[in-house]
Each structure stands twice: as structure tokens, then as C-alpha cells.
Amino acid sequence: MTDNKEKKRRRMKEKSISTILLVLASLSIFTTIGIVATLSKETIAFFGEVSIIDFLTGTEWTALFANPKFGVLPLVAGTLMIAIYGSVVAIPIGLGSAIYLSEYASDRTRKVIKPLLEILAGIPSIVYGYFALTFITPILKIFFPTINIFNALSGSIAVGIMIIPMISSLSEDAMKAVPDEIRHAAYALGSTKFEVSTKVVIPAALSSIISSFVLAISRAIGETMIVTLAAGSTPKLTLNPLESVQTMTAFIVQVAKGDVTHGGLIYKTIFAVGMLLFLMTLFMNIIARMIIKKYREEY
Amino acid sequence: MSVKINVKNLDFYYGDFKALNDINIEIEEKKVTAFIGPSGCGKSTFIRTMNRMNDLIDGTKHTGEIIYDGQDIYSPKVDVVELRKKVGMVFQKPNPFPKSIYENVVFGPKRHGIKKKSELDKIVETSLKDAALWEEVKDRLDSSAWSLSGGQQQRLCIARALAMKPDVLLMDEPTSALDPVATSKIEELIEELKDKYTIVIVTHSMQQAGRISDNTAFFLMGNLVEYGETSRIFSSPEDKRTEDYITGRFG
Amino acid sequence: MSVKINVKNLDFYYGDFKALNDINIEIEEKKVTAFIGPSGCGKSTFIRTMNRMNDLIDGTKHTGEIIYDGQDIYSPKVDVVELRKKVGMVFQKPNPFPKSIYENVVFGPKRHGIKKKSELDKIVETSLKDAALWEEVKDRLDSSAWSLSGGQQQRLCIARALAMKPDVLLMDEPTSALDPVATSKIEELIEELKDKYTIVIVTHSMQQAGRISDNTAFFLMGNLVEYGETSRIFSSPEDKRTEDYITGRFG
Amino acid sequence: GCGTDEGEETQDTGDGETTDKEETNGDLSGSVEADGSSTVYPITMAIAEEFQAENPEVQVTVGVSGTGGGMKRFTTGETHISNASRNMKDEEAAKAEENGIEFEQLTVALDGISVVVNPNNDWVDDISVKELNKIWEPDSDVKLWSDVRSEWPEEEIKLYGPGTDSGTFDYFTEAINGEGGAVRTDFTASEDDNVLVQGVAGDEYAMGYFGFAYYEENQDKLKALKIDGVEPTPENIGSGEYTPLARPIFIYVNTEHYNNESQVQAFVEYYMNNGPDIVPTTGYVALSPERYKEELDKLK
Amino acid sequence: MTNLQKRRLMDNFFHGLVFSVTLFALIILGILLFDIFKDGFKYLSIDFFTNYTSRFVEKAGIKAALSGSIWIIGLTIIFSLPIGVGSALYLEEYSDDRNLLTRIIKLNIANLAGVPSIVFGILGLGIFVHLFGFGRSILSGALTLTLLILPIIIVAAQEAIKSVPKELRHGAYALGSTKWQVIKGVVLPYSLPGILTGSILAIARGLGDTASVLMVGAVSFIAFTPKSVFDKFTILPIQIYNWSSMPKAEFHDLAAGAIIILLVLLLGANAVAIILRNKYQNRIKG
């Protein structure tokens, strides 16, 4: 039997573990505070010089040219286009592979293919950039002769390929974690593998699957190198993927690495753009959370 | 008296472990067949081979044949989905889907092409009534099946299998978590069903086997020790071991 | 005759659903108390409140008191870990860990500071023997508990609880998946254990309640209908509903 | 580059340990930190490579933050040497002054911005500054090749150029359009010159511009235009005949470090002494040895 | 067509579909790897590892970049794994979802995963380089990368932890286990495969990230290897980036050589995680 001293000791231990873990979890809060503080200061200064209405509704972005115009919509359009088309590539392939690996493939196959796919996440994005430029674009040119050398489509495809493993690996794990008993119940009702996968396993793992989508889309939104190389750096308000565009991140990198005096207006724009990006991903996350809450099946 | 399922020389292995040893049995149509035997003797394993659920466990293998409707169910010609549709199953451990009660019951019918809401509603009501669960859950068909009590889950799983209107119904200890009242309702149900279906039931209750089954098979350590009419098995078992088990002198 | 657990005016809710209604009961020390009642009446819910397992389910709440060892177990002064260590539990649905059989049994003892291999080995052997599982698994203690049969899993969960040498043992239908032989072994064990431990057992078998329990409580729809000495309850129930249930005329 | 912190950074890189000025190579130590323009990087890097080989104890690092990024670090005293493909801006000079940084600008090489087209382009070999201006000016209404000269094809002219943060962009817009940064905004920009090479090489109706080195290495894929009859060749760039697109590129040296730290001094001297040999290997045009002497003398 | 035939067709179609998309992804990987190996393979030699970068293709190597990358990723793993898994445990096991703060933290972490790496670079520059005075050092680089990849680890670990069946947790609690014992004994072993997957992806991200590390001081030319965490450094992606932007085409192939090494490094770091993952996944399946 434990005596009182031991009990106390154990309670202390539990308490300190939870405190330590709390501290670890709050690190991310400080990161965010740091980011928000960094972004806010310059963003506020930026809106001292540029009207927030013009910024949010303007359709021309020529921040770095003489007589700059700060309509952020072209950048937003570019970002959304890459994220959307990238997801259109990555989600079906990623989820499909996850289903294949978790429900169809033999254990042996899965153990080989899964790490292989994860290599895709490790190939530096500059490689994807050149891959898009020298491999994907020429192929696209066969189908769309008018396509720009730099175009959102080829960048999106490359971004999509890069984020496939985020979806396939994380979703696969989530599906594997669904207890077999539940699967067996469905098979015993004469379900096909397809039905077991789509009606039982995916719904049960849905919250993790959506989380993996969110992570992957986040990565797509945050991706810069591929886009800069393959999609051009021409801010353009278009949803035509055959044109060249610039994303918000690409703009930030362009300025942050570039030839701009610290503290100038242009310098401040990257924080305003960064802030907007931050808010956009926040919005996406809130939506995702609502979806997860609605459809979550607990087991 | 026709044979519904004919099992010939069936051996079954989990990896290297031989769980069933040379099983030969003929399951009669529109009869209730009970499997009895001590825990771990292979009842679940055997009942699971009959709708090929064991396919889903890695590293298992079998030899021998299970003839159902004139065909070995393990032959490549047999469609396992079709087989499982016709040979329904209630598992030993209740395993409802993490979905609503309603969705649990209609899962099978929906897969098999019934889409009309009114029809599905009807199925839910009859199946749950048959499984003696309707009264308790009729006002909360939308709540999660995982919030049911153990016995309620078990009855839900029975309802789920009934909703499929199978040809053969395999039930692995379907009343283990049920009180006498619910148990007797299920037993009544089985009584009714056997006019239309062939039923195989695993039970560890001698009384239950005696009450409801037409034939009884006694298993021991992977072997089918004795099989015959229930009344005969219980009154004059041929094998000493069967007698010992039934009279409780076993072990 | 001293009281081990004293429950006063206990109400229990899952969200808005009231699952227990004004329960008052005194569980006697070193006695076996049986809870009976139809499926869904709240037996599991009640037994789970006694070691505060219901804390782990979201959206539950209670009012009233459960006095154990002179203290309300829900009082902030009570250490729930300590409580659960002393008040052990076997669940209705077997829930072994996805670990080896050996690791399942030593899980509790290891957490509570027993590190010596020889001592752990000893515990594994006695607990498995007590749970009537030793013979079946002694040669494969390293294989996964998930590869056991249903009844074996249930006995493993009993062994796992026994390994803790609890003060009070709560057993939720511990023999539901067991054959008569294994059941009678567990019943013998309970008989032995009650010299040292206080035991609460949920069962849907009247016979079992009659055989092993000293006191019986009959629940119906969240209410404790009748509680008293088992012999009295079974011979001359005061409440009509109890009588109906026991004689099988219920519902 | 940018950063959240404008404060000075104290040097803690172990420099200044060899304050006695040894002239002998080989036993120098401490660090030399250079950063800045990507245009100048290949030269400084080549010098650093040779210098490092001879002085293994010195830790030379060369970063590529772009001219502006380099200037930011240079004017707060973080770096010893800043590579630059343009002159220091007034704001940057003010910042240096504020932080008490004294410096000297040394020209290290000449570059000739090359205007290139696709090799399949057979209608143009030569173009005038005026025509370039007409093509590239802000709000230019040149859409088709034929808008420039009517005998050229009626095909859309696809324009490629460096991104706005590059020194090349600044210089080109200044030289052609008269004001740094003033340019039409609908051309295809990339920060990566290799990407521009790909763009022009893959598009028959393209026109682009970038540093001479990128043209020289990709002559098989590109065709460089003469500007008012002058071809971009090392000779024409060196002689200054290739106007207005020949431009000097620089390093800025922190004079305090130069004077007090022998390894910095040794490095800069090495730079100027070996410039005539090393610069041509990097695709740029070297100055005459005398010019390098003169540049170095600015520091004396 | 009967309902069953339709369903069987659907099932076969779906099987074909998921198989082909997997195959498609593998083919793309194959093309990419072929492309990289075709260009880069010829540069792989001992010299490639022992030489520093050079303006001559034949002499150029990755000594500085490789050692820098190993330092950085090693430190990043050491920092980020405990913090990441710890945070996830706190959020899933200890915190209370009714608490507004918890909900904010969760949302916030998911959100951090979408912040572009350059912003982390800006933050790292402000905090680690300047505020903490770590300078443009390996330490600053690793800490910045840690911030960058933490959200990925945390989100993946959270999901993995959530997928542990309730019954198992309850089983452990009923044995009088403390929360921590439940976590150590049941939750972590069951969720480890998922946690490791998240870590693999995060490490891959960290190993390949350029922008953030560039901000906090990775340089392009360096011809010595770091000796402490306060030294200057470069990393493979920056070397690769640098070589790919050289005018001379041979350098682009050299970059491919460096990419091969980066991938090998990545696989090395992953191998451990993959082995662990397979081991634990087997255990769960029994």
C-alpha cells in the first residue's frame, strides 16, 4: 500500500508533468504572439499610409514599381489559385493513396510504398520549381498551346505533388487507427471494400483526414520557391490557371530577400500581406474546425 | 431435410497455431444449430469461417471445404460480398459503428440498394422491434450507438444483422450481455426466424442450446467432438467428454 | 457487519438524460453484492460511478454522495488514482490493451511500483490461474492479447484487475462470455475472494446472483427498486416488479 | 532583407585578435563577413575561395541577401563587406552615418546587361535604346512586335525581366526609361535569371534582359541583340562602348574593420590584386590592373 | 445490371482508382528521382563530401553544407520532438475543451502551420538572433526551424492521440493509473505510428526549408565546418539553391548531386522513425 508520502510524491509528479506539458503547449502561443506582434506593428504603420479599403478591394498590385498601387486582390487570387488547384491535385491522389495503403494494399506493400511517398515531401521545393518549369509546363503546352511559360497551373501541380504525402501518410495513419471490429461489422453486412472504406473507415477517421487536408493546404499556401520559379511573379487578378501569377508568399519573399530599405513603405507591405495571409489561414482553420465538429464520429 | 452448409475436412490456422482440426459437419436448412464448448475451443473461429470473416485476419489459412448452396465458399468463383450478404453475422463483442442508431441499422440495406426513406424507416422499426430494442431507443434514433448500454449495443447489432434479411444467420453468443427478459425475446425471435432462415448460434448456456436449437455441436480444443440432434446430445451423449461438459463435470 | 460503500441520494445524468434516480444503498464489507435488472436500467452506470470511471465520459454529472472509507469519493480531497487502485474494475466489454498477455496483467502492478521481474512473473501466474486462464495461455504469454478468444479476453481482464489486489472489486458481467466451466471457476474465485475483498457484481443471470451473492439489488429504469439479502429477495420480494422480474414474468 | 531589430550588433566573432598588422599571409585568423548582391556574389565567392585556401585560419563567409539586404546589415555594422550591384541609396548612407559606420565603395567589375531574344527570332538583330524605351516604358502601348517596327510580325511580344528587387532591374529601368523602377508592369518577372533564360529560350516571340554572364553561358539557347549597333562582348563592355547597358558593380568596405583587422585588410587587398585574373572566370569583365590599384588606394 | 454487379463494378473501379493514383504518385516520384539522379549521380564521389563549394564545378563539394544540415536538423529534432509531442499531449489529454484558452491554442496551432516559412524567419531573426543574442548561428537556425515544424508535429500528434479508442484508456484508468501512466502505457504506444509519421513529414519540411534559415543567417559561401552551435553555417538547400542559380549549367547538375545527398540524409533521419513506426503498428494489429 502506498503511504501518504508516496501519494504526495506521485501527485507532485503528475502536477509537474502537467505543468511542463502546459508550458510546452504555450510555447506555440508565444510564437503566435511573436508573429502577431511582429506583423501588427508594421501593418498598422502600413495602413497609416495606404487606405485599408484600397488595399482590400484594389485590383492592381504594383507595389515595387514606380507609382505603386496596393490592391492586394491579385496576390490573394494567385494564392487561392495555387492552393485550390494544388489541392485538386493533392487531395484525390493523397486520399486515394491513403485508402489504397490502408484498406487495399498488403502490409508488405504498405511498408514499402508509404516511406517512398514520404520522399516526395522531402524533395526541396526548388527541385519542384524546376521540375514544373522544365517538365510539367512543356507537357501542358501540348494540351494548351497558348499557355504562358510561367503559369499557375504548372506551379499548382508541383505544389500538389509535394503535399501528397502530408495527406496520404497522415490519413493512412488515421484510417489504420480505426478499430478492426468496426470494419469487420461492415464486411459482415456484405459491404464491399469500397463501401467499408468510404462509409465506415473514412467517416470514423474524418477528423484526422480533414486535419491532414488543412495541414497540406497550409503548406501549399505557405509554399514559395515552387511558385516563384514556375508560376512567375506577375500579380494578376485572374482565375485562369494558364496565366502567370504571384502569390502572397512569393511577394513576401521577393521583398524580404530583396533590395528594399528597412522601414520603407514597401518593407511595411510585406507585413500587411503577411497579416492578411495569417487571417486567411485562420479563417480556413475555423471553417475546417466547424466541419470536423459536425462530422466527427468518436470511437 | 436438406443441408444448407456442408463443411468437409476443415482445418484452420492462425499463423502456426491450428485452431480447427478436421471439422466435418452438415448444417441443416431452416434449423437452429447450436455450437457449444469451453472458451477458446474454436467456436468463434469456426462460425467466422462460414462467412469468410477470417479472411480479414492476417496470417490465417485453411484447408478443406465449406459448401454453401452447392459451392465451396472459398472457391474463386464465389463473391465474398454476396456471400456475406446472404450469410449474416452477429459478433461476440458488440461492435456498432460510431454512427447513430438509425444509421447502424440501415447500413446494410442502404448498401444493398434500398434508398427510399420510408422503406428504410420501416426496416429500422421492424428490425429494432425484433431485436427487442425499439421501445428503449425509439425516441433517440439519432444518438450515437456508442452511448448505448452493453446489452443495448448487443441488441442493436442483432437488429443490424436482421435488417439484411439474410439466408443464414450466424450469431456468436448473441444474448451473452442480455437479461433473461431480453434473452427470451431474442429466443422467441429465433424461434420465429427459423421458419425462413437457417440459424447458427454459439452459446455457452446449455439451457439456451437446449431450449432453442434443433441440432447441437460440441467443440473441444479445435475438434468437433459430437454433433447431433439436441435432444439426443443432451439426453444420451455418445462421447464421454460431451457428457462431462454438459453435466458440468468437465475440467 | 460494516458498511464499505454508502451511497446517498445519487442522481446521475448523461447530458440531459437522467440515468440514475435517487439511489440509496449500503454495500457491505467482505460481502458479494449483485446488481440485477433489465438491460439499460443503469447497472453499468452505477457500478462505474463507484470508482469514478464516469468522470471520463464527457457531459456527465451527478448529485448525491458515495461514501467510501468514510469519505465522499467525489470530494476534492480524494485522489482518484488512489481510489481506482483500491476499487478495481472489470468491464462489461473486454478491453485488453494491444500488448502482450503478460504486459496486460502486469500493467497495474508495474504502475504501482513493482519492478522486480520475478515478482511480476509471480503475479502474472497467480492472477491468470485465479482467472482460470493460465493453462490456455501459459505458453504464449508474449502473444498479443487481441488474438485471444472472446472468453479468454474476458478472463484476461479479470486477471488484470486481480493483479492489483484491490480492496473493492467491481465486476460488470464478468462471466457473460464464459462457458459454464469457466464461469464456475470464476464463481469459486469470487467465493474465495470475499474473505478479503468487497465485491460488487453486475449479472443478468438470476442463478448466478442466487449462487454467489450475499445481497442483491434490483434496478429498473434508473431506480433501485429493491435491495436486501439475496435469499430474501429471491424467496419473498417485497416489490411486485422485483417478483415479476425474478420469475421471468416481467415485460 | 529585413528584420525586426534595428539595433546595432556587437561583433563577437573573435575578430580583432590579430591587431598587430602582419602582412604575411598564412597565419592570419579571425573572420571576414561579406553579404549582399547576388550579381556580385560569384566574384566575391571566387576571391573568398582562393583566399580561404591560402589562409585556412580565417573564416570567410559570403551571403546572398541581395544588394538591399546586404546594405541593411552593412549599415548596422554587421558585415565587413557588402556586395552591391548599384550605388548606395541616400537612406542607406544616412543609416550608416547614424550608426557611425564609415565605408568606401570599390568597383570590382563591369557587367553588360544583355537584351536577348529566342534564337528562332530572325527579324531582329539590332535594337535602339529608343525602341527599348518604347517597349519597356510605363504604360507602354506596345503589344505586338509590329507595334515597334511595322515590318516585324504581328505577334504578341512576350517580355521577360528580372524581379523588381534586383540591381539589374534598377539599372535597366534607369538606363532605358530614365527612372529606376519605372517600367510597364505586365512583363513576366522572375528573381531567378536561369528561369528567365528558360522563358526566352522556350518562347519564339519573347524578349528579355539579364546579366551578361547568363547570356554567355546560354549562347546556344539565346540570341543577344546589338544595342544601337553594339554587341555585348567583353571588349565592348570593358571599353564602355556598350552603352547605356554596361554598368559597374561594387563592393562596399567598412573602413574601420579594414583598418583594424588584418584579415579584412588582407582579403580586400587580395581581392584587388587578383581581380584581373579571377573576374573574367566568373563571366564578368575585369577592370585594368591599374584601375584596381586606384580602387584600393581609396582605402589608404 | 443487378445491384450487386453494380457494386462490384464500383468496388473494382475504386480499387483500380486508388491503386492507380498511388501508382501515379510513385511514377512521379520515379520521374523526379530519375531526373535528379541522371544529372547528379556523376558528381557523387568522395571529393564531393570532402570539398567545400568552389567556383569550379569539378572542385565543388558539400562539406560545409552537409555538416551544417546535420547540425541543424539534429538540433531541430531534439528541440521539436519533445515540445511537439508534449504540447499535443497537453492539448488532448490534460486540457479541457470547454476552456476558451484551450480552444484558442488548438486553433492557433493549426493556424501556425499555414504561416509561410519566411515569416518564421523574420521572427527568428528578431528573437533568436537579436533579442536572445544567439547571432546568426546554428542555434538560431535550429530554433527557427523548430518553430516552423512544431505545428506539423503537434497537429499530427494530436490526431494520433485522439484516435486511441476510449475503452483502452478506461481500462488503464480503472487499474488506478495516473494520467501520465495511462499516457505512457497506452496512449503513446497506440498513437506512436501517427506521431512518427507527423515527425517524418515535419523533419522533411525542416530539412528542405530555405527561406527561414536564410533569414537567420545561413550563408552561401563558407569553407569551414562548424564546431559549436554558435558558429556560422550553411545548409544543403541553400547550397542547392545557390548552385541552381549559377549561370553555368554544370552547376545545376551539381545541385542535383547535392539533392541526392539531401534525400539520403532525409531517408536516414526517417529510417529510424519508419522502423519504430512499423514496429508499433504491428503491435497494435496484434
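We call the chains A, B, C, D and E, going by the order they appear; numbering starts again at 1 in every chain.
Everything below uses one rule, namely that a contact is a pair of C-beta atoms (placed from the backbone, for glycine too) under 8 Å apart; a residue touches a chain by one contact, two chains touch by 3 or more.
All values derive from a computational prediction rather than experimental measurement.
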{"item": "Chains contacting each of chain B and chain C, listed by label", "value": "A, E"}
{"item": "Chain E and chain D - chains in contact with each", "value": "A"}
{"item": "Highest C-beta pair count, chain pair", "value": "A-E"}
{"item": "Chain C and chain D: spacing of chain centres that average the CA atoms, whole Å", "value": "81"}
{"item": "Computed distance of Cα centres, chain E from chain C, in Å", "value": "47"}
{"item": "Sequence positions of chain D contacting 2 or more other chains", "value": "1-4, 65, 192"}
{"item": "Shared interface positions of chain E, touching two or more other chains", "value": "7-8, 11, 122-123, 126, 166, 178, 190, 214-215, 244, 252, 284-285"}
{"item": "Residue list for chain C, restricted to those that touch at least two other chains", "value": "81-82, 85, 93, 112, 147"}
{"item": "Touching pairs - complete list by chain label", "value": "A-B, A-C, A-D, A-E, B-C, B-E, C-E, D-E"}
{"item": "Residues on chain E engaged by chain A in the complex (per definition of touch)", "value": "7-8, 10-11, 14-15, 17-19, 21-22, 24-26, 28-29, 31-33, 35-36, 82-83, 86-87, 89-91, 94-95, 105, 107-123, 126-127, 147, 150-152, 154-156, 158-160, 162-166, 178-180, 190-191, 193-194, 197-198, 200-201, 204-205, 207-208, 210-211, 214-215, 236-237, 240-241, 244, 252, 259, 262-263, 266-267, 270, 274, 278, 281, 284-285"}
{"item": "Residues of chain A defined as touching chain E within the complex", "value": "10, 13-14, 17-18, 20-22, 24-29, 31-32, 34-35, 38-39, 92-93, 96-97, 99-101, 104-105, 111, 113, 115-127, 130-131, 135, 161, 164-166, 168-170, 172-174, 176-180, 192-195, 197-198, 205, 207-208, 211-212, 214-215, 217-219, 221-225, 248-249, 252-253, 256-257, 274, 277-278, 281-282, 284-286, 288-289, 298-299"}
{"item": "Parts of chain A lying in touch with chain B, wherever the complex brings them together", "value": "107, 180-192, 195, 199-200, 203-204, 297-299"}
{"item": "Residues on chain E engaged by chain C in the complex (per definition of touch)", "value": "166-178, 181, 185-186, 189-190, 283-286"}
{"item": "Residue ranges of chain B in contact with chain C within the complex", "value": "14, 36-40, 44-45, 92-94, 136, 147-153, 155, 172-173, 176-184, 204-206, 245, 248, 250-251"}
